[in-house]
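Comments concern the structure below.
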Amino acid sequence: MNCELQNILDKTASDCRKMTRNGKQATYIPELAKTDPGLFSLSATTVDGATFSAGDSGALFSMQSIAKIISLSFSLEMFGYDYVFARVGMEPCSEPFNSIMKLEMTSSIPLNPFINSGAIVIAGIMAERFGRGAIDHLLEFAWKMAGRKRRLCVNERVFMSENSTADRNRALAYFMHSIGTLSAVDKSLILYFKLCSIYADTNDLSVMGGTLANAGLNPITGERVLSRETACTVTGLMSVCGLYDESGEFAVKVGVPAKSGVSGGIICAVPGKMGLAVFSPLLDAGGNSVAGMETLSRLSREIKLRGM
Amino acid sequence: MNCELQNILDKTASDCRKMTRNGKQATYIPELAKTDPGLFSLSATTVDGATFSAGDSGALFSMQSIAKIISLSFSLEMFGYDYVFARVGMEPCSEPFNSIMKLEMTSSIPLNPFINSGAIVIAGIMAERFGRGAIDHLLEFAWKMAGRKRRLCVNERVFMSENSTADRNRALAYFMHSIGTLSAVDKSLILYFKLCSIYADTNDLSVMGGTLANAGLNPITGERVLSRETACTVTGLMSVCGLYDESGEFAVKVGVPAKSGVSGGIICAVPGKMGLAVFSPLLDAGGNSVAGMETLSRLSREIKLRGM
Amino acid sequence: MNCELQNILDKTASDCRKMTRNGKQATYIPELAKTDPGLFSLSATTVDGATFSAGDSGALFSMQSIAKIISLSFSLEMFGYDYVFARVGMEPCSEPFNSIMKLEMTSSIPLNPFINSGAIVIAGIMAERFGRGAIDHLLEFAWKMAGRKRRLCVNERVFMSENSTADRNRALAYFMHSIGTLSAVDKSLILYFKLCSIYADTNDLSVMGGTLANAGLNPITGERVLSRETACTVTGLMSVCGLYDESGEFAVKVGVPAKSGVSGGIICAVPGKMGLAVFSPLLDAGGNSVAGMETLSRLSREIKLRGM
Amino acid sequence: MNCELQNILDKTASDCRKMTRNGKQATYIPELAKTDPGLFSLSATTVDGATFSAGDSGALFSMQSIAKIISLSFSLEMFGYDYVFARVGMEPCSEPFNSIMKLEMTSSIPLNPFINSGAIVIAGIMAERFGRGAIDHLLEFAWKMAGRKRRLCVNERVFMSENSTADRNRALAYFMHSIGTLSAVDKSLILYFKLCSIYADTNDLSVMGGTLANAGLNPITGERVLSRETACTVTGLMSVCGLYDESGEFAVKVGVPAKSGVSGGIICAVPGKMGLAVFSPLLDAGGNSVAGMETLSRLSREIKLRGM
């Protein structure tokens, strides 16, 4: 069966990497525009610890919004469900990921931790408690999720690039500060940009997905990284709002918890089965990897990821 | 194992029916206010055809928004994915279920088929093609999903009650007509209200959920009622926007595709496993059954509905 | 000086009627599309009772939104300032004239009596009190403002046309009924459409404007038609929201209280000086008469309508 | 007649200063909270150069939003109508003065130069051209409008206070930078805060209002400070959006071009007649001086400011 899974990944990678010719690379963060648009990689980690890869599987890229999984998981572990969800909601958002409108209409907390406002609030919670050391705690936690020590780290060039082209995020942060939803504007933003700039490959991400899919137990190291409750909470949110404005489309076409990033990565946690990660930099209008979406659509059908 | 499932349902029903004292009954449709608020029932139908019930399992209630599953499934089977999703979107909505705002801001199609505007558009598609006979086609389709002939039918008193207290839905329909999104206002609304007024009990609904969970094959009759693709599409949408403004919370707490109605019912389709249905009329602020939500939360943990 | 005013009107009419080649006729009400687009007329009535006209000054057209002045003035006289402004606000609106959005966001009364929602509420107040006789009371009041008996009357073809193409207004009315802002949907709409369908020429309108400009005293008949307070209230509102989404532009370019309609008319009340009315059916993007706007801009400069 | 005007001002001041007990002082800028809430002053400057005062007429206060008149007038004189209105609109806004929502919905320029976003854009235009020297040019222009050399100047404590409590304005500025509507965030904000912090008394403001009312000619010095066209443009905008969310109410109750500030001042330009200024720090819910609104309401009736 494992041999079969490798074959399916190879075949899907071979078919779908051709799709890397479609879509557009993210350019609003100048460093992202420098990635080779032809890269494609696909990895899987089953809950019993087997790992598979196809394509350019060692290719590194910045996690961008995928890192929101790390900060959400860690803050749930550190501060608990009630504390976190007093600061951020858990409902999908029909406005764009960087929208201020809903915050202004309600003067309330961000709708969920995966839109930018919500992720900045989560970064703010971390920054409040750990100050400048927050990023180290988050990296250490990410290492546990990915099962590798000192591999995942912040890419400073990407961080600088994020930090210098962040008008919308600054607008969000100042707005939230004005309504009392965010305490420290600059510290929160710096941590948020550092998180976005963590470099990983699809192997790393598939193990992280596998940890979530395995109810919090890292399938490679056997370590309990997060509680079953946190794994359920995080995957629950991934299933409703993990793919920006295409979360519904992804639920229809793929049907498993996932989170995408504008660098072209998508991570999936298929509960009780496996973690999956795909990377291909060219994006559709919704900001999701074109080849990544197609890859996961096919895999969903071929290996019945939904369970039916 | 089946014996065990019955025990779990009995225990959960016994614990959770006490919660029927909390919440508020829907009153905006006068007929709904007449239901006995103390009713509670819970049913399950596994994909291998076993059925279980606990509580007042023969109690009938109007399906309300749960019926949106019938019309969506049927229209996908009849008209195809592309036709349907040219008329309605597939993304969750962060505005209330009866909101006009987003339609006005975008002059576009409704965000998804489970908010009122989207369900009225789906009813409109049916009414365009089948005229006054549309409700009969839908009932026949519902009978196949539920595996019972001539059981589910429109409750005329509820229909009259819906039809006479429908300002917001009329506003939505006229608005959509003005922007060319809906063709026939009155016919669409009448069909929509009839759908909402279909009476069923949790046994019926759990079989319908079982049909979706079994990839379109009715687990009792063995009949293929809908294609695997339609089952995936409908359950995908249920997972992102099935519980009004609490779809995210439900994904976190329960984590399976579901659809609720203001009469107090919730239907679940646990892919590859079972259909579930619960009924208890008292609602939380989001319009979902208080006892129903708690029941499904517990079952999700106890019988690992998520698969982890 | 009166001779001079006639000369200025003649000159301006002659220059500006050429502009009737620009703009687009309103077509959403089919009857409006039948008007000769080349018509142009201009009239003035000074507060000392002198009247002047130029162009096709006997040309009749439906008042459309200009009639909102009649219903607002009459309801202020009948029900008083406090009663009226408990049902409708007095602030300009930055959304389009037929918007529902703001009502949904606030669940409150319409922003002002000149947007459609507000005018429907004013019609509703009248319909509540006077039933089917409301239109007769309004016509009688309009006769007094215009100083002519039995001249202004409802054009039935226009009324039928309005009534049958009124989706947006119906949506507004049903929405307001749902939030308790409007009592009777159909009666309010019928009265509203009848008001819009009152036929007048620029002579009639300039006398109506003159009555407002003369603090409520009809400058032709000498009759007190409305109180000074009502005249101030109505002209105050005309100055902030009389020209749809171009009220600010009009204040900048012309600088006097005015109200426009989609049939191509604009009425002005220059306090203490005169009433003015212009008619030319071709409209700009904001729904205001192209030639009418230019005519009033020039007159504002040439006869110092602002007082400076 | 001048003697009569002095009597009316004295009487009105005496009656209305009692109203200073109502309302709330602005506190979001800490320095504003330090003003004596019992202060009241009222001044008038007729277009023929007579000046009148009543109350604490030498009391100085920061101009706050009233200073938007200076920057708008100056930028119109310097850059012209077309240049300015390519960067900012001229329509009233039904959202609060510091709203981002409309900018997000339209990705367009601010609705008008008197809401914060628009005023920051105007400051940005100045900062682009004049750099750090912009404030000196503006002060010099303000001296000409007020007819006094080296009297009006920036209060540094107020400026520091504004600058350090400016989250909403920073959010607006970063947002506008992100959509290309504003070039330099910090420079624009600093100039904007300096403008808000200019100190003046009602004598100064009434002369400034008189300059606008006199079509741009300072009624004291006889100097042409701005063109008739600029005076018409600025007073036109004052009449539709000078009093935040109470611009319509002010048009109804007072009916002349005006601009208010949260320090409690209101300036009026009564075209062809006089400038008026009133100051009393306690504000109503809309951010306008309670006693100031009442004072101007009374004067409007007693000296027929509207011209009728």
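Side notes on the structure shown:
When the chains are written out, they are named A, B, C and D in that same order, and each has its own residue count from 1.
Basically, a contact is a pair of C-beta atoms (placed from the backbone, for glycine too) under 8 Å apart; a residue touches a chain by one contact, two chains touch by 3 or more.
Since this is a predicted model, take the numbers as computed values, not measurements.
Annotation of subunit C and subunit D: not jointly contacted by any chain, touch as defined at the top. The angle of the rotation carrying subunit B onto subunit C, fitted on C-alpha atoms and rounded to the nearest 5, is 180°.
Computed centre separation for the pair subunit A/subunit D is 48 angstrom, with centres defined by C-alpha atoms. Note on chain placement: the centre of subunit A and the centre of subunit C lie 56 Å apart, centres being C-alpha means. Among the residues of subunit C, those touching two or more other chains are numbered 105. All chain pairs that count as touching, in label order, are A-B, A-D, B-C, C-D. Every residue of subunit A that touches subunit B in the complex is listed here, in rising order: 89-95, 102, 111-112, 213-215, 228, 231-233, 235-237, 239-241, 245-249, 251-253, 255, 271-273, 304, 306-308. Within the complex, the subunit A residues that touch subunit D are 99-101, 104-105, 167-168, 170-175, 177-178, 185.
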